[in-house]
Amino acid sequence: MTQPATKLTIVVERLLEPVVERLLEAAQIKGYSVFPGGGRGSHGTHHAYSAQVVREFAIVKYEIVVADRAKAERVADTLISQHLTHQPGIVWLETVDVLRAWKFASS
Amino acid sequence: MDLLADLLPAFLRQLQQPTLAFLLGGMLLAALGSRLEIPDAVYKFIVIVLLLKIGLGAGIAIREAELATLLLPAFLSAVLGAGIVLIGRITLVRLPSVKAEDGMATAGLFGAVSASTLAAAMVMLEQDGLAFEAWVPALYPFMDIPALVTAIVLAQWHRQRTGAAADRLRLGTIIAESLRGSALSALALGLVLGLVARPDAVFASFYEPLFRGLLSILMLVMGMEAYARLAELRRVAHVFAAYALIAPFVHGLLGFGLGYVAHVLTGFSPGGVVLLAIMAASSSDISGPPTLRAAIPMANPAAYVGASTSVGTPVALLSIPLYLALAELVFPR
Amino acid sequence: MDLLADLLPAFLRQLQQPTLAFLLGGMLLAALGSRLEIPDAVYKFIVIVLLLKIGLGAGIAIREAELATLLLPAFLSAVLGAGIVLIGRITLVRLPSVKAEDGMATAGLFGAVSASTLAAAMVMLEQDGLAFEAWVPALYPFMDIPALVTAIVLAQWHRQRTGAAADRLRLGTIIAESLRGSALSALALGLVLGLVARPDAVFASFYEPLFRGLLSILMLVMGMEAYARLAELRRVAHVFAAYALIAPFVHGLLGFGLGYVAHVLTGFSPGGVVLLAIMAASSSDISGPPTLRAAIPMANPAAYVGASTSVGTPVALLSIPLYLALAELVFPR
Amino acid sequence: MDLLADLLPAFLRQLQQPTLAFLLGGMLLAALGSRLEIPDAVYKFIVIVLLLKIGLGAGIAIREAELATLLLPAFLSAVLGAGIVLIGRITLVRLPSVKAEDGMATAGLFGAVSASTLAAAMVMLEQDGLAFEAWVPALYPFMDIPALVTAIVLAQWHRQRTGAAADRLRLGTIIAESLRGSALSALALGLVLGLVARPDAVFASFYEPLFRGLLSILMLVMGMEAYARLAELRRVAHVFAAYALIAPFVHGLLGFGLGYVAHVLTGFSPGGVVLLAIMAASSSDISGPPTLRAAIPMANPAAYVGASTSVGTPVALLSIPLYLALAELVFPR
Amino acid sequence: MTQPATKLTIVVERLLEPVVERLLEAAQIKGYSVFPGGGRGSHGTHHAYSAQVVREFAIVKYEIVVADRAKAERVADTLISQHLTHQPGIVWLETVDVLRAWKFASS
Amino acid sequence: MTQPATKLTIVVERLLEPVVERLLEAAQIKGYSVFPGGGRGSHGTHHAYSAQVVREFAIVKYEIVVADRAKAERVADTLISQHLTHQPGIVWLETVDVLRAWKFASS
């Protein structure tokens, strides 16, 4: 019934949204989810609610489930090496069991 | 001495103006640990309405203005914006404890303009009965964009000189990106609609009457935010705090001086001179930070956002009475 | 020719009306890639206040109205709502590149009513000094619900004919679900309160004065949204875009015609005729889509929401001046 | 009998007041399953603006008031707040099906004050032309804080007596925490600004005119919320619902009685007496729950929040006409 | 200290909220969390913030931790076969380690 | 490229934010993310959107990725034993594969 797949999680500032989405596009990844939030890391605290004078610094989390783990790793590597050296952000991978595996196979 | 004796009571009186009183109130609440929260959506809505109002008002005014009278103030605004960043480059950035990129980004924000400070100044001038050409607030982008562009270009040169690989940003891209930010977008939209549409009725029935009230709530947010970010500022070099404390006065007086030149040459109004001074004194709080964050990623936002939001903006707001008093001395009514 | 010569300058003048100017401004901002964002919470709040205002105004008016005069316009509204969907069934749905369910859902939205278009029309009629019975906006649900119900029932018949297993939805359920949507809920609440409570003071001090201003911001949102959804529309068959471009005019003229009948028979006001035409021309943007999504899940929302929000609503809004001009010709003052 | 014959028509007339009509409308919508949603951000904004307005108005009034006249009403407010909780301690908490902590927390909320009820009462008094000293709403914290403190202290004693390890909260901490809540923060800020700043212009142009309108939307929210929480209440002991139904009347009459004493002794206005009664009758909906949740974590919020929001607040709001009618009998004009 | 359990993740439009919650109710599942967001998939893009003209199309993510994996799979199957054939939505399962396992055992 | 780490997930009311953050601070954990949401559990339903009269009761989810699983377990234990006996909240752990493992090593 279920089949193993890889979930790539990317936590970055909203500022990087276009970057992340361009990377996914380039990797032919057609599906992802995104959740607004906040957090704390080496670049200080990002509030999750209440008046933020600078909206673009808010935290978003991308969750991207793909059948092909190698592809997820490639996206993660590119993002980290090209964009996360100075910008806040973290990335991790997990193994999940998906239903309807065809929904996660790209092209 | 005499000047100070004149200024002090005027200053204390101005602190009672609701605009500044709400700012101080917000700081006080934050300092006392209040859990009052203005929702983000409300904050954004207020800023958009205020900037639409400023733009609409300016646009309606420009319809009747002689375009030639705008040229000199617009040019001086650009000079101020870029000039302030250059001054920062040869002072702040030279200091030993300051990382070059942090210094340039900070100078960029202080060259740029704070929409909320501008709005506050407009209300306080009206309260004081000091008239200004209604298109003056439209000088905002003429000062804001040159400042940000200068800071970004300086940072790029610096990277190249220090041998770091920097992806060159083109000038056009930086300017376009600035204009696409929410603050300048709202202002520009208001301007265009004020110019080509006939929004006078909705301006008079909605934007104008809500301006003061929404500003009072915005000041509350700015005050709470300023206090909340002080903690962040404490973690970076003290020179940033010192710069943020002193620079607004230097920049404001520079602005006042150049405005005075325009007054003499083209009859720029006293109120216009004051607004120019305050725009120069102010530091960007909404649109500048994301632009700089994207273009100078090596700079530490705790330094520049902290310096601008925690110290620069309140100092600029609290110094508005200073320029009002100065105008009273320089332009006797 | 002569008619056109009359219409064109009137049309250009109307584009300067803040209502349409803000709509075009929103589109422009989106086209230029502006990052301006009106928070969702603000958008929802505005829609609720506008619909409460429309409902309250209509309710207060109905208190004094002779109920008999409402009957014919209400009946004609229902005829228009259902009729437009049937017309869509025998035109749009017959086209070769159109999936049957997509076509029916789209026709359903175009039969239904757009609250924002209705609000914009009310403001523009007032601006033009064209009077209407204050209960006319309350015709909204009488056109909206029959349209959605007709589309859903047609889709069910279609499924049954093509042998697909469809869980039959009952008529009562569809109507109840429509009324529970946020738009009709707010309108109905306003109506009831206007009828049975005494909200005249709060209506005059809050809902009425804020109406125009909040509408201007709503138009901004609609413009940005319309542009943003164009991309989606491009992915579906071109006939949807063509339908969305032409249908509002056909439906609007139909509405004008039936309204004229009511004018002749029962003295329905010229302003009422225009509002009826515009309701017919408009296509649902808030309440229709979720209702259809739930009831016709096989239909592709990119087709119907795209057609309605990206093309239908701006076309309907921009054609308001047309009906105003038509009214000037047909009902000489 | 005669009294009732006087009260009933007055009561029905008052239900038509928009304030109560919007409350009932919100309940009706929720009961009918409407999907209307007022965004959280809007709700918070409205509450903040209303409380700032109440505070500013009171602050401006206190500037001119003789401080001595405030003392007795402030003292009586504190007596009411603490007294109501003590009454709850010896009635509600003694009932067999009531967990001690749940009962104390509930009594605490009913001793405290509801900002929305206070705002509604102010509007309805104005509508009725019943004058009150403008500083009366500033009695809010004098009743609110003693009530919450009493409840928390009682709960601590209870824990100690029953041998449970309780981390002792100090009085100062509880009071400070209360004042830091968003409701009292906004009220206190308004008060201080009204006293020391000169917010009269922004008060008259923004806070005062928006008060009624924003209140009408707040009432809508309160009505929907009240209905939505009824389900929760059904899961806890019925005595909570019974208490929430009866207590507001007992507390309100107590408040009216003590207010009458102040009227006789120091000339406290009839409107002031009514407001005091309504504050006593009301139960905290915004600031009380989080304070109690933090300080009495063993209490079940379904019990106290349900009792207060679902039953207590609507009953208090709907009983406002009662105190107005009572005032007409007791203070003939 | 910790015990293995199954986390079922469901990403759907808000429109399906009542459907999902009815399914969980029917399966005697008493606990779940829900997070608002956005995303992209075969049915186009759903924005995570800013004005949405049609709110019901916004994305929500359900996270449901249950002790009984078979039950999670049953809920997932029913949801997919009965409701996700035409509607947007994806579903996956993960193994997690919970504390206080009794909180996730239904009835 | 990737290295195993532990993700600690904590779902609590906003009221407990300071508690959770103090615990993380005490454990020398420098990074976490937080997401607003809603949910249902033994303490009733928490709505994820629309007017909340009592904001402090809204649900938040903390996701904390750390290299050291024992530390994550210690935080979870302390939180549960000292703060979640009366308050709503659930906690679980997962194994994930992180990039740039040094970002998750505390102190």
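Per-chain numbering from 1; labels A, B, C, D, E and F assigned in written order.
One rule holds in what follows: a residue touches a chain if its C-beta (ideal position, glycine included) is under 8 Å from a C-beta of that chain, and two chains touch if they have at least 3 such contacts.
Only a predicted model underlies this, so the values are computations on that prediction, with no experimental measurement involved.
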Partner chains that chain A and chain D have in common: B, F
Common touching chains of chain E and chain D: C, F
Copies chain F and chain E - interface residue numbers shared by over half, same or different: different
Chain at maximum distance from chain E, centres defined as averaged CA atoms: B
Distance-maximising chain from chain C - centres being C-alpha averages: F
Inter-centroid spacing, chain F versus chain C (mean Cα positions, whole Å): 46
Whole-Å separation of chain centres (CA-atom averages), chain C against chain D: 42
Distance between chain centroids, defined by C-alpha means - chain A, chain C (Å): 39
Two or more partner chains touched - positions in chain E: 35-36, 49, 55, 94
In chain C, residues with contacts to at least two other chains: 37-42, 44, 182, 210
Chains that touch, pairwise: A-B, A-E, A-F, B-C, B-D, C-D, C-E, D-F, E-F
Touching residues on chain C, where the partner in the complex is chain E: 37-40, 42-44, 182, 221-222, 224-225, 232, 235, 285-286, 289-290, 293-294, 297-298, 301-302, 305, 309
Residues of chain E touching chain C in the complex: 13, 15, 43-45, 49-57, 86-87
Chain B-touching residues of chain C, taken from the complex the two chains share: 15-18, 21-22, 25, 28-29, 32-42, 127, 209-210, 212-214, 216-217, 220
Chain A to chain F touching residues, read off their complex: 9, 11, 35-42, 48-49, 59, 61, 73, 76-77, 80, 84, 90-94
Partner chain C, residues of chain B touching it in the complex: 39-42, 44-45, 48-49, 179-182, 185-186, 189, 192-193, 196-199, 201-202, 205-207, 210
